[in-house]
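Encoded as structure tokens, here's the structure I'll be asking about.
To keep things simple, chains are lettered A, B and C as they appear, and every chain counts its residues starting from 1.
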Amino acid sequence: MKATFSFWLDFIHEAFRGGRIFYAWMTLLTALVVSGIYAYTFQYQEGLIVSGMSDQVSWGVYIANFTFLVGVAAAAVMLVIPSYIFRDKMIQEVVLLAEGLAVAACIMCILFVTVDLGRPERIWHMIPFLGEFNFPQSLLAWDVFVLTGYLFLSLSIPYYILFVRYKGGQPKHNVYFPGVLISIFWAISIHTVTAFLLSSNVARPFWHTAILGPRFLASAFSAGPAFFLLTLKFIRSYTDFPVPPKVFQRIAIIATVALQINLFLLFVEIFTEFYHQTDHTASALYLFFGIGEKTALVPWIWSAIAMNVAAVLILSIESLRNNNRLLSIACLLMVVGVWIEKGMGLIIPGFIPTPLGEVFEYTPTLIEVAVSAGIWAIGLMIYTLLAKATIAIELGKVKYRASSQT
Amino acid sequence: MTESGKAENKKLTRRRLLKKIGIAGVSGAVATSGAALAAQVTEDGVDEFSDSLASLFQTHYRRMSPEEVEATIARLQRKTKRKYGKNISIDTTPPLPNVLLGYALNISKCKGYRKCVDACVEENNQGRDTQIQYIRVLEMERGSMNLEESNHYYDPETVPQKGKFYMPVQCMQCENPPCVRACPVKATWKETDGVVVIDYDWCIGCRYCMTACPYWARHFNWNEPELPPEELNPVTHYLGNRPRSKGVMEKCMFCIQRTRKGKQPACMEACPTGARVFGNLLDPESEIRYILENKTVFRLKEDLGTEPKFWYYTD
Amino acid sequence: MHKSRLVKLFLLLFSALFLFFVNPFVFGQESNSSSGTELQLSAKEDKEEAADVNELDVEDDADDADEEEESPEVVFEQVLSFEKYAPAFKVKLRKESQLESYPCMDCHEDEETNLEIRELEEEHDELILEHGGERFWCLTCHQPDNRDYLHSLKNNAIDFDQSYRLCGQCHFQRQKDWFFGAHGKRVGNWLGERKLYLCTECHDPHSPSIKPIKPNPPPKVRKGLVFVPNGTHLKAKVWEKHLLEQTENKND
């Protein structure tokens, strides 16, 4: 008990202390969070009418961000597998940070879904026995179930490892390895379930394809490690944590292969849609070429494709990949490209045209953007705090001293 | 402790203090709003605060005992009285026995007047500004059934226009409804008379059902419905046209406040051409059965396997 | 010896089984049932034809008509065609409440019956007859000897409140639909007593086509959003594309 108490005390202590840059970063994030909360008060008061959504396009940036972030959360598995299964020493150094990112992404997902609800105070209706949980029929119920489970797994396994290390011991393989195995399958399942959430809708021909699941996984495993890699660069620059250069290369290779597969699947999708156009091609037509004068998403998707192609070219050529600056640029391009392609470029066209053939466009409002930025800031805050404390424990800066506790 | 250690300790306590102030502020705000709500007491002495608390913990309609239903109805009547100044009746008539409701629409006869659309809005207490309309009439070009070529916003001098035909679309009350499967909290379900209903007080507003519906039949209250009190229809059903609030779904429910009492749905009553036929699919002598067995009928998007109970037929 | 006996036994068994199973096909059980229904159908048609032949005159005191309100329901014996098979119904009466000039004999008792086919000039001249083209005139439908009635092709009198019998002579398909609920307007309830509008409630018999009217306003978009018209994305018809190609080829 004493050890637990002191662990949490030290954890929080380490999480919140830092230098000037840390405080500047946290201040920026806090500002974003505050503006997000302020914007949300309007939404809670007035209802979702303050957003740009409509009966025609009923899901917008919130669910777009949710879809992207579920991928980032699942992508931790791409580091968990080499670390715990293949005992890759390089990856083992950073895998706890990756799981910290997974936790932050999971929390962001839950927040995005909550702000998207028309009646967030009724969220308790989803609790089994207290409420009515439509499991296993509803894919959304499945999503809630797997995300909650994944959050629990991503919190508990690193907690065990850090706690043992904090006490100066060695984490027992028998204890954490079953959890690791479960979390590998669970990570893949969270993103597959999210893909099914969309692809199970026969009403939306843009999503009702079998390839949506593989596309989701491929894009997740490219953008997730890329995002993680970018954060590792920050960690290497601004903390004492020694990230070996080879780690970057390992993660970059994972992201490269995933991106290559992602682009191939995109090509397959485009071919299948456009070789012989059917009425169901309308959504893809709207996305890539616009319908009539409604072309809002066309520049977005083509720039996303350009970014992804540029990224895959840089990453596939070894000499370019080894260049640090180019690597960072490629990762940034990839993250933004996949965010567009999977977020706005997947959710919005699913609703256009409506099942009755109406082409009605969607533009996010300032309130939606502010709330989304606020949630991103909360996620980044959580990740920063978790990373700081994890690094401190990993470096041995904090240790449990049984004797000297007051 | 070092200098920086002391400084950091101070920062920590400052942060802790700020946190405490924040929490105190939030709870103060909650308390004041609670007090403000408590001030609005209705005639029967039940204050708004305890009513809103009760509604927060209201259980699912299908799990309510008869006493809970009564209490809920009374509370909803009070809420309406506070908001609109009107007394309404909230019915809980169960489905008629041996009845499976079905609807047929003669697209040779529909001329696109949209009288059904407006009659439905008058009957069912939708928000006037959020523009929820359960029925959408599509002006289709003759020669194809392509919904993407349909015009929803037609407004010519007269209808019917040459070369066009008109197809109203509303909830199909599917036998195999994708929306019922989609709802994570079972707020929507199919009753034994075949109507797919929503418990407006259970819906969390995630809009997944709206994503799942192939007929664009489900609608969301993006804000608090603006309904002038004089236009409020006081004869309501719990699962039907009782006034809704923001953040919940709604849709055509075959006017169960009327049809469970044998009355025609508002759209059928309003249609001047007699294009709409409503009846009991289980009665072999019914008009709708005659149509389904003798006329050329089709259903929209039949290939999706939803088994709609809304047919279209031609003369 | 044993073998041949066995063979004989086997053949016997086999043929017995064969006959047992083939029997239905040979004697056409399935076709029996279908011909059964055919027989039924033709019986129905015979009855219908018989009814037509046995059509009785409708008496002057046609208060055996189904009424909406006052009189108690009287079982209607003399029926036409499909009426016998239609689900029971009542009609909304019109002649007392809605026909302004009724009873017509108030004027026509004193008038001479002029059977000459002509355009009316003195009375009823505001009526434009847009029914039947050049083939109809007033007395095609109106009973010359008693203007309080219409008449059938066989000159049987038809009450104004049973005008469907007149219309149904030509519009028999519509009439059948109307009897069974696929056409026309039912009022009141969907369950229970079936109350219908007469043909003439919607169709002015002198100009029966439904006139176009201004539609109710189009749907609005959600408050706070702007409506952007869809523009026309009607695909060109197949023949339009073809004709376009042809003219382009000509121009080349």
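Keep this in mind: contacts are C-beta pairs under 8 Å (C-beta built on N, C-alpha and C of every residue); 3 or more make two chains touch, one makes a residue touch a chain.
Keep in mind that what you see is a predicted model, and the values were worked out from it rather than measured.
*Asks:* Kindly list the shared contact partners of chain A and chain B, in label order.
*Replies:* C
*Asks:* Of the chains shown, whose Cα centre falls closest to the middle of all protein Cα atoms?
*Replies:* Of all chains shown, the one whose C-alpha centre lies nearest the global C-alpha mean is B.
*Asks:* What's the distance between the Cα centroids of chain A and chain B, rounded to whole Å?
*Replies:* 34
*Asks:* Just give me the whole-number Å value for how far the CA centre of chain B lies from that of chain C.
*Replies:* 37
*Asks:* How many angstrom lie between the CA centroids of chain A and chain C, rounded to a whole number?
*Replies:* Spacing between the chain centres: roughly 64 Å.
*Asks:* Provide the list of chain C residues touching at least two other chains, using ranges where the numbers run on.
*Replies:* As it turns out, chain C has residues touching two or more other chains at 221-224, 230, 233.
*Asks:* Can you pull out the residues of chain A that are in contact with at least two other chains?
*Replies:* Only 49, 54-55, 358-359 qualify.
*Asks:* Using the touch definition from the top, which residues of chain B touch two or more other chains?
*Replies:* 130, 136, 146, 148-149, 152, 222-223
*Asks:* State the interface residues of chain A toward chain B in the complex, per the touch definition above.
*Replies:* Result: residues 13, 16-17, 46-49, 51, 53-56, 58-59, 113, 116-123, 125-126, 131-134, 137-141, 144, 197, 201-204, 279, 282, 350-351, 353-359 of chain A touch chain B.
*Asks:* Mind listing the chain C positions that touch chain B in their complex?
*Replies:* Counting only chain C, the residues touching chain B are 87, 174, 177, 180-192, 197, 202, 210, 212-224, 227, 229-230, 233-235, 237.
*Asks:* Contact residues on chain B for chain A in the complex?
*Replies:* Residues in contact with chain A: 8, 12, 15, 56, 60, 63, 130, 132, 136, 138, 146-150, 152, 169, 178, 181-187, 202-208, 210-216, 219-224, 246-249, 301, 304-306.
*Asks:* Along chain A, where are the residues that touch chain C in the complex?
*Replies:* 49-50, 52, 54-55, 291-294, 358-361
*Asks:* Hey, which residues of chain B end up touching chain C in the complex?
*Replies:* Spelled out, the residues of chain B in touch with chain C are 96, 106, 109, 111-115, 117-118, 129-131, 133, 136, 141, 143-144, 146, 148-149, 151-160, 222-223, 259, 262-265, 268-269, 271-274, 277-280, 285-288, 290-291, 294-295, 313, 315.
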